[in-house]
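Below you'll find the structure I mean.
Labels run A, B, C, D, E and F following the written order; every chain starts at residue 1.
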C-alpha cells in the first residue's frame, strides 16, 4: 500500500524477485544478470540494450527508438519525453509537459522507484511482454499509471487544476481514467488498460494486477470516502466492477465480469454478477503476481455449458 | 425527452435546482448566487471566474485556460474552440470544425441550452466535479455529447456524411460512440464515458446519468427501430448493456454490469445478467439525478460474499 | 479460419453473397450491380462513387474526401494513406507508416482481399453502415483490423518490435488491442470496437462479428497457447469475455456480457456470467453474418423483469 | 494613397481596368466578362471556377483546393482560412487567427476591397500569374499584404501587441516584414516578395509594384517620421533600398539594386548606387502598372559591357 | 545546359572530377575511393556512412538521422522523405508530397542524376560543406533545387496547378523562388540560397554556382521569353540582379551586388551597378566550379578605400 | 569582440548605458529604474511586466504570452521554450531542442549575458522596438543570434553535426544563415534580419548593428580564414555585401547596398558598389549604437537626383 495508508495487517507478499524474470525466449535474448543492486540503473541498461538491438534490426523503427530511449541519459528523461509527446495537445504543449514530468520525477524519487517496480512487474507477469522497452514504449496502462503518479503529487500540492488537466489527457489518450487523488501502490500491472476507471478515494496496494475495463467506482451517494480499497497482491479480472467503499483483501482474486459491492476477504475469490465467494485456496500465492485467472473454474459449481 | 419524441406520460421529474449546487469545498470557492435567471450567462461567468482563479494560481496552465476559456467572448465560442481543437485531425482541420461548431451553436439555441443543462447536471451530480470549467475542459463525456448534438442537427439536415465523420472523430478521440441519429435529452451526465455506445434509433430522455461502458445497442435483426428508449431521470450503472427496442421507464435504475433485454418499468431497479427486477422503492427520487448506485444491495437477495 | 490453422471440420458457412447487399435506402443510392467478378475493383469503384457524391453534396467534407479517397488510384493507396495519418505520432511519422502500409499491402494480396471481405461484411451486416466509404473512413474496428493484418505479417517476418509498436498505436488511437501474433480471418466485423482485446495466441475464423468491449483473453498461467479459438460465423455480443484456450464452435453465439471459460459447441448459444448454454437452434444460420443478437431471450428461462 | 494621408496633387493614375486582363493563354482559359460591377463577387466566382477546374484536372491537389477555396462561401472566408493556416504556430493557434481574420474582414470592407484590387493588379501585371487563385493561394507577397492590412487595423485600434505578433509571424513565414503602422494603398503587387522590409512610418500609394528585397527603411536617427513615402503607380525594382523620409513621386521608377536617399520626382527614373536620375519619359505610363523595368537601359549612359 | 535547350557552342567545361573532392579534414574523415563508377550508389553509401558516424557520436541527433537517412533504402527515398516533411503544410500533407516525390524520382532518373551531380558540386565547391549528408539534410538551396526539378517535370506534363503549389511551398519554406518552367542544369550550387529568384523563362546551365539574393528576373514588358540565360560554369555573386532575356556566357563571373541588364561574354567578369566588364582572364578556369569570387578586385580600377 | 579573438587595439567603445533607454512613449509605459545592478533579472522583470500588461489588455494574445513568458521562472527558460517551439520540425522535436537550449544556457552564463546585452541593444537602438518582450518574442534577428550562440558552443565542443542542424533550422525558419563557427559578440542588433549571411570564419565584435540582407561572405578561394572581421560598434546598412578576410574597423559605417572587398579603417564610412571611403567624422560616435544610417549623404559628392 502507499505510505501513510495502512490498510490491513496481512503478511507481506512474497518478495519481488530481483533476478531477471524468465522471458519470452523467441523475442528477448537473455542478458547477463544485473551486476548491481540498483534496480533503476539495471532496468535502464536493459531498456537501452533492447532498444539498441531493435534499432539495429529494424531501421524503420530506429528513429523512434533513438527519440524515445537512446538519446536520453536516464529512464527519468526517457519517460518524461515519451509521456510529454503522448499527452501533449494543441493547447498543452509538449515542452510544458516535459518540464512538468522532468521536474516531478527529479523531485520525487519514489515515483521513479514505483515506475521501476511497475516495469519489473509487467515483465514478470505478462507473458506477452517482450521486454522492458516494450512496456515503457507501448503499454498504455504503464504510461497512464506513471502520469497518474505525477498528477497525484500535483493534487497533494494543491495544484488541482493542473492535476485534473493531466487526468483528462490520460483519459483521452490512453482511455484510462484515474482520479489524481486516488492512491496507487507500486508494482502495478494495468494489462491492456482500455477503460480502466479508478475513483477519487480509491486506494490500490502494491503488486496489484488489473485487467482492462475494470472499474473501482463510487456509490454516487456522498462526497466523502466512497471508492474501493484494494489490498496488496490482488488480481482483478477483465471487466470487473467494484463499487463503493469496500475492502478487497490482500491476495484476493476478482473474476472477470464480476460485480462486487461488498467486502472480499483476503486470499479469497469472488466471481459472478452479483459476485459471490468460491473456495479460494488459502495458499501463499498472490494472484496479482501469479496472474492465475481461471483456476476457480472447477470450483464454480454451476458453471456448465 | 427531446421534442417530437414523446415516449411516455410519466410525471415530470423534479425540477432541476437553479440554486448553485453544493460543491467540493476544498476545490471550488463559493460564489455569490446568480443575479440573473439566465443560466447560460451565469454559468459562463462562473466558468470564467474559475478559469481566472486557476490561471492565477497555476501559471503552467494559464496559457491553456486563456486559449480555451478566457480569450473567448461566450460559452459558445469557448466550447466551439475546445471541440475543434480536440476533434481535428490532419484531414479535418480545426478551422473547418470551428466554423461548423460556431455556426451550429449560433443557429440552434437549444444546443446551447442543453449544454448549459449538462454543465449544471454534472456539477450537481458528480462529487468529483471540481467546477463548471472542470467539466467544460476535462469531461470527455460532456464534450462527446455536445459534439453529438451538432452531429444530430447535421443528420436532421440530411448532411449525413459530415455527421458520420463527426461521430467517427468523437469515437476515436473520446471513445464514445453515439450515432448521429440518436436523440439525446438535456441534463445528461456521461460519467467517465469511455466505451459508451448509443445506437441509431436510441432515445435518451432528460436528466439521465450514464456511466462508462454502457451500451444502448441494437438487436441486429432489422434496419428499423431497434435500440432502447431511456426515460427521464434514469441511472444506468457502469458496464450495463441494454439491447433492443426496449423501454426503460422514467426514474428506473439499471445496476452496473446488468444485461437488459426487455422493458423495465418506471422507478424500478434492474440488476444482474440477465437482469431481473428487485424491489425498487417507488418514491420521488430520480436516480439519474441522485446518483444512488447501490441502495439495492440489501435487496439483492442472493448477493452474499 | 486463416490458412494453416485448421480448427474444425464444420461444414463451410454459406457463401458470402456477391450481389450488393441491401442498403439503407435513405442514405445510399442504389448502384448498378458489379460488372466484374473482381470484388476489389468493384468495391473501390463504389467507394469512389460514394465519396464523389458526398463531396459534391457537402463542400465542407470534400477536402477530407479528396485527401482520403478521391486522390488515390486504388483502395490500397487510400487505405494506406488513411491509416498512416490516423496512426502517426510525433515519433512515428506518417510518411514512414505510409511506406510500411503501401509496401505490405502490395506484397500481400491476401491482406487486400481480406480488407475487401471486411468491407462487404460490414455493409451487409451492420444496418447503421451508410456505405463502403463510411466503413473505410469511419469504422475504427475496420481500420484496427487492417492495421493488425500488417502487424501480423511483420510479426511473422520476425519484425516484432515494429509489429508491437503498431499494435500500441492501434490500441491508443482506436482503443482496440490485438496482439500481432493473433490470427484473424476475413469478413470480420468489429462493431463499435472500443475496448476489444484479442490476445497473442487467439485465432478468429472467417465471417465473425465481434461487438465492442469483447475480450479474447488469456488465463495468465502460462506462456504457451492460452487464448480462445473462435470458429467461423460466430457472433460475440458486447462486453463478452472469453478466457483461456477454449474453442467457440462455428456458428455459435455468445450473449452480451457473458463470461465464457470453457468450450462452446458449434451453432449453440452461451449466455450469462458464468455462461451457460441455452437451446440454440441448429439451423443453417450463421449468427456472425445474420447478427441475430437476441433471439435467445425467450429461451433464457429465468430472464424476467 | 490611403485615405487620410494625402501625399501630393499629382493627377490620378489611369483607372484600373475592370475588363478582365489578358491572361497567359496556355494556363488560364478565358472566362466570360463579369456580369456585374461587383468586383469582389466576380473575382470570387473566377477563383472558384479556376479552383474547380484545377481540382478536376489534378486529384492530388483537390483536397488542398477544397480546403482553401471550394469549401468556403466567400473570398473573405477563404482568405481568412488560408492565412490562419499559413500563419499559425504552436503558440498561436489557427482557430484564434481565423477568428481574428474573419472578424477584421467583416468589420472592414475596405480591407476586402483592397484585397480584390490586389488580385486584379497581380493578374494584370505579372505575366507569370496563372490566375486569381494562383495569386490567392501561392503569392506570399499577396498574403503578406492582406495580413498586414489586418495588423494595420489592430494597430490603429491600439491593439499593438497583437499587431506586432502578426507582423512577426508574417516576417517568419513569408519573409516579408511590414510594420503594422505602415500605410499601404490598394492594387499592390509584391512580386516574389522575399525580403521586403517596410518601416513604421512608410506610406505606399495605390497601384504600386514592389519587387523582392526592396527596403523602405528608416535613417536610424529619430523616433519620428523617418521612412519613405511612395506615390501612386511607382515601380520599385528588385533589391532597391530607399532610406529616410524621402518622397518617391507618383509614377516614378526605381531601378533594381538602386540605393535612394533623397526625393525622386514624379514620373522620373532613378538608378544606381547611389541613385541618380536618368531621363524618364514624362508620359502617361504608370510603371507600377506597366511593370516596365528596363526601358531605361539605353539612357543609362555609362552602362556598357 | 538542359537537354533540348542548346544555348551556345562554347567548349564544354572541364569534366566534373569523379575522385572524391578534398574535404574539410577537421570535420569529415576520409573515406576510401569509390569502388564503382556509379556515382549515385557511391554518394549514397557516403551519406549513410556519414550519418551513421554522426548518429553514433551525437545521440541527440540520431533520431533525426535515422528518420531522414538511415531508415531509407536509397537516396531517392531519403530525399523524398526529407522534402515531403519539409514542404508539407496543414493543407498539403506529407504523405501526398512523399508519394509525389517518390513517383517523380522513380520515373525520371535524370532528376536523381542531377541531384547526385549537385551533391558532388556542393561538396567540391563549398569549403563550409561538412559532407554529403550535410548538404542533403541542411542546404536549403540544394533542397529547393531538387523540389524545383520535380515541379519542372509537373509543369512539362501540364500539371501546372500542382507545379505552382510546389513552387509556392519552396518559396515559403526555403525563401527560394524558382518558377517551375525555368530550366536548371545539373551540378548546381545555390549557396545559402535565401532570396534567390529565378523567373519563368530563365535557363541555367550546368555547373553554375549562384549565391544568395541572386535574381534572374524579367523585364516586365512581355509575356514571352524575358529572363536571363546563364551558361555553363558561371559564378553569380551574392545579391547580383540579372534582368531580361540576356545571355551570360559560359564561364563568366558576375560580381556580388552587380546589376546586369545586357549580355556578358563567356569567361568575362562583370561588376558594379550598372555592371561593366573588367578584364577577365580568358583561361580554362570555370568560376562556377572554382568559386573564385574576388580575383577581380585589383582589376576594378576605381575600387579604392 | 568575443574572448580569445583579439582583433585590434582600438579604444573600447563607450560603455553600454545601464539606465533604461528612452522608449517609444505611445507603446511602452515607463517603468521605474532597475533597483539592482543585475541586468538579467531587471530585464526579465520588465519582460514579465510587459507581457502581463499585454495579456490583460489583449485576451486573444494572453495564451501566447503565458505560454512564452508568464509561465516561465526565468528568461533562460522562456527563451529556451520559445526557440524550441520556433525551430522544431517533424524530425527535430521541440522537447529535444528545449532540452538542448536549457542545458546550454545553464552551462554557459555568457550566452545568457549576451542575450541580455542584445535585448538592451535592440531596445536602445531600434525606435520601432516596443519593449523587451517585443524583441524577445518577435525579432527573428534576436532569436537567430541566440540560437547561433548555442550552435557556436556545440561547434566548439566538436558536436558539429548538431550545430549544423541547428544552423539549418535557423536558416529556414528565420532566413538568417550564420555558420556555427562564426564568432559573434554581444549587444548585437540584427534588424529585420531576413537574408543575413555570416560565414564560417567571420568575427563580429560587440555592439554591432547589422541590417537585413547583409552578407559577411567568403571569397571562395580557400578553406582557411576567408570571411570578414567586424570591429566593435560597426553599423552595416541593408543589403551591404562584405567579402573576404577584410577588416572593418571599430566604429566604421558601411552604407546600404555597398559592396566591400577590402579593409575599411576605424570610424570611417564606406559606400557604393564598389565601396569607397567618404569623409567619416572621426568623433566618438559609434554608429552601431547610434544607428546613424544616412549622415553621409551630403558627403557623397556625386549623389544627385
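Here, a contact is a pair of C-beta atoms (placed from the backbone, for glycine too) under 8 Å apart; a residue touches a chain by one contact, two chains touch by 3 or more.
These figures come from a predicted structure and were not determined experimentally.
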Shared chain contacts [subunit A and subunit F, defined touch]: B, C, D, E
Chain of greatest Cα-centre distance to subunit B: E
Recurring contact interface, reference A-F, options A-C, B-D or C-D [over half identical by residue number]: B-D
Where subunit D and subunit E are represented by their mean Cα positions, the distance between them in whole Å: 29
Rounded Å distance between subunit C and subunit F, as computed from the means of their C-alpha atoms: 60
Junction residues of subunit A - those touching two or more other chains: 60, 63-64, 67, 71, 85, 90-91, 93-94, 96, 99, 175, 194-195, 213, 239, 257-258, 273
Contact set on subunit F toward subunit B in their complex: 55, 59-60, 62-64, 66-67, 70-71
Subunit B-touching residues of subunit E, taken from the complex the two chains share: 90-91, 93
Contacting residues of subunit B [partner subunit D, same complex]: 63, 67, 71, 77, 81, 84-85, 91, 93-96, 98-99
Touch list for subunit D against partner subunit F, complex: 89-93, 96, 99-100, 159-162, 164-165, 167-168, 171-172, 175, 177, 179, 194-195, 197, 199-200, 213, 215, 217-223, 226, 239, 241, 243-244, 257-265, 268, 270, 273-277
Residue ranges of subunit A in contact with subunit C within the complex: 24, 27, 54, 57-58, 60-61, 63-65, 67-68, 85-86, 88, 94, 125, 127-128, 130, 134, 137-140, 173-175, 192, 194-195, 211-213, 235, 237-239, 255-258, 271-273, 290-295, 297, 300, 302-305
